[in-house]
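One chain, subunit A, links the two complexes that follow: it is found with subunit B in the first and with subunit C in the second.
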Partner chain A sequence: MNLAMTSAEFYKYGFMTTGGASDTAYFIADQAQKGRGHLQSPHSLGLGANGVLEDLIKVAEECSSADWDGYGAAPVTNETFWQAYHFLRALPFGFPTPSAGAEPDGHLTFEWHRSARRTLSVSVSSEGDLHYAALLGASKAYGTEPFSEVVPEIILDLINRVCSI
Partner chain B sequence: MLKIDVTESFQHLEHAPIVEAVIEIRTRVESPWEEFALRDQLKARLPDYPKVFSQNEFRHELKVKGGQPPEQFFHDLGWRGLRLQSADGRYIAQFNRDGFVFSRLHPYESWDQFKDEAVRLWNMHAELAKSIEVQRLGVRFINRITLPVGEVRLEDYLRVPPQPPGELDLQIISFFHQDSVSVTGHPYAINIVKTVQPPQGSGSDGGGLILDIDVFTTKPFEQSADAIDKRLAEMRWLKNKVFYSSLTKGALEVLK
Partner chain C sequence: MTDIPALPPVSEDEWMARFILFRHWIRKSDPRVRPDAFIPHPYPDLSVTRHMDLSEAELWQIGQAIADKRPATLYGRADLQAISVIKKSLHIVPTPEPKNHANITGWPADKPSQKIIAQEIAAEARFIPKLDSSSVR
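Right, the complex of A and B next:
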């Protein structure tokens, strides 16, 4: 049996499932969550390696009041935090993790930075819009994609291109 | 490319083990989504769904750090939408700001009945939300086959049962198996979960073998009755194919 793991197909659907309301649906969700938590616990596969989760929580707390930068910045809301948190959790196991920051419009940002000419920034809004901008040598890529529990394929592709050797 | 034949008919199972059938349509609400206005609208339009509950969105997460006890996050994200239930509690419709979820609980009747009711209510959601694009469409069927009390041979039920590592005298006492597959030539993927659920109270329940089939597409499309109908028919065919090819002939015989 072949595993099509090298294909981008593998990543683009993520781990999101169709909802459900029965006890059995909750049982399955609970079991899947436990399995995922177990897989995310080691540093090799999880988000703990560079402390991005801790950074995200810290940034969101520090920027939760209006004017957090002294220049009239909008606050980072709970909604924005949870959108960003779930974006981070939706990254495939073992993917390069970003650094976290905030922007004056109240969005949270993730940055994959390899050099001044190879960098990707993804800004997450409270509505779940992902605004991305990448520099890849002489080329640029930018746009907006909706986030609905699955990291859009184009962003996964950009992370790969920025971080590949 | 896989050939999807939506005209294919499938063997009818009198004792189909479906505990829940779900159609979920994810979209983005483009109009104000306010609890009291929505409640009034839906109560007036859906008298056959007399039970109305407000739904908040909660996030519960477990953060695990090496060498430390797990830390729990529990957060209320605020009002998300309304959950309506038919008088007998068998139909559940969730009108949420990020989409619509329609469930039919046991006993399942028929695809046409289920799908038509889902589409009827979805049209209301689409009208109230003024949504224009479907971002994700899912058809999920959760099956639970009651297992006898005592020793169970999983190979009697599953065509591909879990196996303990070879050449050791080990016995499977529990398993959770998830496959995600893409459908060649079509914008669909399928999550298939097989697991066992502990006995549910009654003395004759030796636990449940769960076969959860979730066919979905995350390729956005403009919402129209035709577009949704076409996809639902294809996704139903895929769901049936996975179901019938996952169970043994013996297991299907018992469900007839």
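Right, the complex of A and C next:
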């Protein structure tokens, strides 16, 4: 399913729509409704404060079609958006918020950046894989971790190392 | 049969440009390009334009032609020196067309390894905004 809504529509109507009348369709619609309510809850204000959620929606929209870069890029799918959204929400309260982007393979990215040699990028795939790469002065770290509701400890540690003074 | 002139080899101190066609490839926090701009996909190589013998105006003309073809907005370019690519065990392979084009090849297949290389290239690249464009922030 391509992302064909504007940011305003996302907040108003939700991301997922379903024309089906099955129990599954009703369940999905219900979950989407709950998701919208969650988005507008006070707990979401932290994400909205620096515009990262707005940016994430905007980037996902811009890159929702195949070949969005005119060079054969893979689309950012609904599944990838939701994985990225849940990752963002799973960040512990008080953690620095990242900026959002996209890569030509259809992954959404989050970046914590302090300087050229102190920076962390996390790519989120539609399957919930988190591919990360960090420059920490003269050293570096990279790898893949699965995402399932909780942000992996190694990524939290890297965020701290990049952002701590 | 016509002879195709040999393409000049890439020297370590040579500069190359990666044209930036998406706003989300440029950081808001500082005037640098995100590593996202250097991830090779779907081809196993990354397209760049050699500065070699080009004036600034000619370089921007090539960038604009690439943007027009896709179509996309040309926001600027990331300039990188060949040595910063070569020292990561990648190769720069010139191609006859388009003018001054080269591919950065030899990328590892796995995503985390691609990302760390893209990070290091981004850290050393210089972002040059296209100043005459109203789209540039």
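Operating definition for what follows: the second predicted complex is superposed on the first by the 120 of 165 C-alpha atoms of A that agree within 3 Å, B and C clash if a C-alpha of one lies under 4 Å from a C-alpha of the other, contacts with A are read in each partner's own complex, and residues count from 1 in each chain.
What we mean here is this: a contact is a pair of C-beta atoms (placed from the backbone, for glycine too) under 8 Å apart; a residue touches a chain by one contact, two chains touch by 3 or more.
None of these values were measured; they are calculated from a predicted model.
Look at A:146: by the touch rule set out above, it reaches subunit B but stays clear of subunit C.
Once the two complexes are laid over each other on the shared chain, residue contacts for A:135 go to subunit C alone; subunit B is not touched.
In the superposed pair of complexes, A:79 makes contact with subunit B only, with no contact to subunit C. Legend: residue contacts after superposition of the two complexes on their common chain; A:123 is shown touching subunit C, with no touch to subunit B.
In the superposition on chain A, A:99 contacts subunit C only, with no contact to subunit B. In the superposed model, A:164 makes contact with neither subunit B nor subunit C.
Comparing which residues of subunit A touch subunit B with which touch subunit C, the overlap is empty. Interface of subunit A with subunit C (complex): residues 55, 58-59, 62, 69-74, 99-105, 107, 109, 111, 113, 116-117, 119, 121, 123, 131-135, 140, 142-144.
Of all residues in subunit B, only 19-20, 22-24, 26, 28, 59, 61-66, 70, 75, 77-78, 83, 92, 94, 98, 101, 103, 105-106, 135-136, 138-140, 142, 144, 176, 178, 180, 182, 189, 191, 193, 195, 197, 208, 210, 212, 214, 216, 218 touch subunit A in the complex they form.
Against subunit B, in their complex, subunit A makes its touches with residues 4, 9-10, 12-13, 16-22, 24-25, 27-28, 31-33, 35, 37, 40-43, 46, 48, 53, 78-79, 82, 85-86, 89, 146, 148, 150. Across the complex, subunit A is touched by residues 21-22, 24-25, 27-30, 32, 34-36, 39-43, 47, 69-72, 111-113, 115-116, 118-120, 122-124 of subunit C.
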